[in-house]
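We just call them A, B, C and D in the order they show up, numbering each chain from 1.
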Amino acid sequence: MSGLVAIPIIPGVNCEHDVAHAISLVGGESAFVHHMEATLPSGTQAVYIPGGFSYGDYLRAGAIARFAPIVAAIGRAAADGMPVLGVCNGFQILCEAGLLPGALARNVGLRFLCQDVHLRVETAGTPVTHRLKAGNVLRIPINHGEGCYTAPTETIDRLEAGNQVLLRYCRPDGTVDPDDRESNPNGSLRSIAGVTNEAGNVAGMMPHPERASESILGSVDGLPIVESLVKVSTTAGVA
Amino acid sequence: MSEQHLHRQLGLTDAELAMYSVMWSEHCSYKSSRVHLGRLPSDGPQVVLGPGENAGVVDIGDGLGVVVRIESHNHPSYVEPYQGAATGVGGILRDILTMGARPTACFDSLRFGLPVEAPATAVAPSGDSGAADDETLRQRWLANGVVSGISGYGNAVGVPTVGGEILFDPTYAGNPLVNVMALGVMELEHLQRAQATGEGNIVLLIGASTGRDGIGGVSVLASSGFEAGDEEKRPSVQVGDPFEEKKLIEACLELFRSGLSVGAQDLGGAGLTCATSETAAGGSGGMDVDLDAVVLREQGMPAFEILTSESQERMLVVVEPGDLDAALDVCARWEAPACVVGRVTDSGRLRVRQGGDVVCDVPPASLAEGIRYDRPLARPARIDALTARDPSAELPVVTEATLREETSLLMTSPNLASAEWAYRQYDHQLFLNTVVRPGEGDAAVLRVMGTDKALAVALDGVGRYGRLDPRRGAALAVAEASRNVSAVGAVPIAAVDCMNFGNPEKPEVMWEFSEAVDGLTEACEALGVPIVGGNVSFYNETSGRDIDPTPIVGVVGLVDPLPGVPSGVGFEVLGDLVLVAGATGVDLGGSEWAWWNYGVVCGSPPAVDWPAERAHNAFLADVQRAGLARSVHDVSLGGVAVCLCECALAGGVGAVVDTTAWAPAISLSAALFSETSGRSVLSVPPGAAEAIEHLAQTHGVPIFRVGEVGGDSIFGIPLADLESAVTPRW
Amino acid sequence: MSDTPTRHVTVTIRPKVGLRDPEGNAIEHALAALGWQGVTNVHVGRTVSFELPAGDDDTARSEAAEMCSRILANPVIEDFQIEVGGRGV
Amino acid sequence: MSDTPTRHVTVTIRPKVGLRDPEGNAIEHALAALGWQGVTNVHVGRTVSFELPAGDDDTARSEAAEMCSRILANPVIEDFQIEVGGRGV
């Protein structure tokens, strides 16, 4: 029996149905949770914060959503070790809430980007990458205007040293070049596409694994990530 | 007594006068076009609801219907490109929502003036070429603003924009076109009607507060062209709020699904006036409205302003009194503001009160029905002059020696440029339905979740053809859009049209309009595609100059069942055979090559051989169904030459072709650049060639082996050069 | 580089009064939810600051005004205000 | 409404010095293309202006500072500056 993956619905997010669909594809169960709820549904063993435009992305992406009661509940659960994945707007919310280091600034090209990118798995064994190996290259779409990962140099050094860099944008052959706009289209520092917190149970990434979940959609490379989260929730607290 | 107050002597209040004037405007009443629109074929076994509703509805089996609609937002986009386009998207989505469907896909058809200078030979003798530079920059600014408005609103509201087209021509320099189409798929049993029925039922206004946005917008913006002194129209710029719309969509969908709504109508042009009068006229016949209950964004708005405000992101929903609390709870949960603004009556009157006074008391049908004109028609003198000229006589003879140069130059036309800069800014994947994304095929393909079906959608229209012959232009738009959906394996099942024309008070423009209606009719009847909805945009003129008549046609096709991802447009595998399907005629009138390379726009647009067109469409759909071809791409702007270049660019592999293989009897220029309808380029594994040829034969479609995939050039033009030719410089 | 002296210019661009300001609205709501209920009239704008070669403040100001109307602001929906000499952050 | 007097506050939020400012760069390029080659050091910021109930400027300023650090600015990448009293456009 799978654990329940909670999908918080904060006004303006829009990927919740897609996320639920992808979770069901790997045999998981999910439940939507209203943003005014102060607790996660009982049986919740992992959280997937979907993408979209919470509060219209007004002020800054994620800046208003992070005050939602459900985000406080997620913060408490995360402190107790619950696996949490924030994708796109979900990642932005986690950064704004201080649950993940760094910030997501406007894409360097100043344009919104909806396209496939290649990602290199940097850290395997986390609740969202335990079905993958370091060095695996995945093709997954991005869809954002504010996805340029930014943090002070010391923070980034610390992330690298502590295996907190989850994914990097790369070329199809796995090479990483932060200055190459083809492979690192939003200009993220050191091509960082996803990070985790120090404990490793909270992860954020800009690309949308749920959009790469069926071959008819162009790629299934997102499935191992969704599956990692779903399967880790069956044995809650791995990592 | 001053003239303005004459209406009072006639017994009308200020509010009533304002209401009649917006409702009887061109935009709301279709007063100039209605006498013609009735000729459009709108029946078909699959049509559930046709023109006249907020959106058309087509049955696709399994209890499901496709809801589809197209709208223009030309004038607002000229005044403020970002907000004009953004509010255009917002408006069309509410039309789909009003029917009870979640809008799940959006498409855009855009027209601007030239963003780059035309080749020296193409500069029209206009005399004001000195201003070209600033003008070019302005067109880029408009195009970028419109595209970011669509991106900004569509992405944030959570509706993917999965297809469209962007074309450029000097005719649109002073009047860009921004047409948006949207669709949704719904269970037909949940269809909503725009009716206020049941005496005593409660009228809710849901969504944004009401401000002074676009007061008189429909009459000011949609009913007049542009002159110097546009500033006066500026205060009516409307600002869209996709976040508010997103909440509105979720709240309304839940109201509809839980059966709490007995009728719904979006607030678009003419705002509350239109929504209340139309739902009352279509329902129990009467409504009492209390303006004091309307949440205002600004203090002190007089009744006529509240009644005609076009503030975005609002819906009217009718509920039974016993369901009121439940309905308000739903709205509260989605944080969509809602208030009770009225009651359904059977009085036969629309009665509006403010501060205890009755400010309006009229029969709603008198507002909703509007008036109609049968305006005079006159064939424009230019048409005979233009069609009398033979383009071939004004164009050079292309030879093997010059074809490479001719093709390279043609590929620099902005109309052949890659649109990736635009669609990359659009979320085109939300809802996990997009099987063929923008740039991957001739039409977008969206699977229908929960079934093994898919929809294919294409949007097309060519203004230059309309200048030469509006009837053929309109017909060709239907032909191209239908061919595009066939090319990805679909059978066309319905069409919507957006008629962008000049000033209808000119008999020449009305003639063009009437001809275009006949062209649509001819094409839709011939191809068996009913028109289930449309939109008319008149007064597309600047300083007295009308745009070329530009009908834009959106066609929805059904793929049933979807066998997998259809073949794309690109050449992929070395050694595959390249084939041209369909007969090529001498059709250079209005062609891209004649216009871009030589500035020649004359002669007649291609005439369509309808049985051949139909056969070719059926052939394409069968090819995709059988999975026989490696690539399929229809021939359109620029002819076979451009089509081959596009196939090579899309797949990253060139081809070696024999230019005498598909039309040996006509000149090389016509073989390469003719825009004859009903043709395509295919690449097939050598082993499948005979099967394809056999299939073509059974459909009666001529087909020619013209070469082989391979190499990194086409016509000897290196792919790298083509790549830079199609990379936009704006 | 030339020897023309430069002026520091800051232009502030705001939505025209009376236009709807959804972003300002959303922020106002968020602030109220955080306990700042009394905060009203919230509006969002942009600033652009730069160094401009100009011999005097008036020249700088009129150059900046032209920059605003040509590219920095959209006069249809925005007003702008120019400050010369003041240093930004 | 209460009788507490209000103050007009404008906060300006800018990318931290040393961080990339792609928007500033883009504007600098666009200006150069239009003939303003000499314009340098272009930086872009956002402003949030509002009316705040406060008895005096200092109270207003400290309230606004709290608003900035809680929500209006992101301290990881942004600096802010507060101006009390000045009316905007």
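Things to note:
Note that in this section a contact is a pair of C-beta atoms (placed from the backbone, for glycine too) under 8 Å apart; a residue touches a chain by one contact, two chains touch by 3 or more.
On a predicted model such as this, the values are computed, not experimentally measured, just so you know.
Interface comparison, A-B against A-D: more C-beta pairs in contact at A-B. Inter-chain centre distance (subunit B to subunit C, centres taken as mean C-alpha positions): 37 Å.
Distance between subunit B and subunit D, defined via averaged C-alpha coordinates, is recorded as 41 Å. Mean C-alpha positions place subunit A and subunit D at a centre distance of 30 Å.
In subunit B, 241, 243 are the positions where the chain touches two or more neighbouring chains simultaneously. Looking at subunit C, residues 22, 26-27, 30, 34, 44 sit in touch with two or more other chains. Within subunit A, contacts with two or more other chains are made by residues 55-56, 58-59, 63-64, 67. Under the contact rule defined at the top, the touching pairs of chains are A-B, A-C, A-D, B-C, C-D. Taken together, the subunit D residues at the contact with subunit A in this complex read 15, 19-20, 22-23, 26, 48, 71-72, 74, 76-77. Against subunit D, in their complex, subunit A makes its touches with residues 59-60, 63-64, 67, 95-96, 102-103, 105-110, 150-152, 187. Interface residues of subunit C facing subunit A in the complex, by the touch rule stated above, are 22-23, 26-27, 30, 33-34, 44.
Contact residues on subunit D toward subunit C in their complex (touch as defined above): 2, 4, 6, 12, 14, 17, 24, 27-28, 30-31, 34, 36, 38-53, 63, 67, 70-72, 79, 81, 88-89. The residues of subunit A lying in touch with subunit B in their complex are 11-12, 14-15, 17-18, 21-22, 34, 52-53, 55-58, 111-115, 141, 143, 145, 208, 210-211, 213-218.
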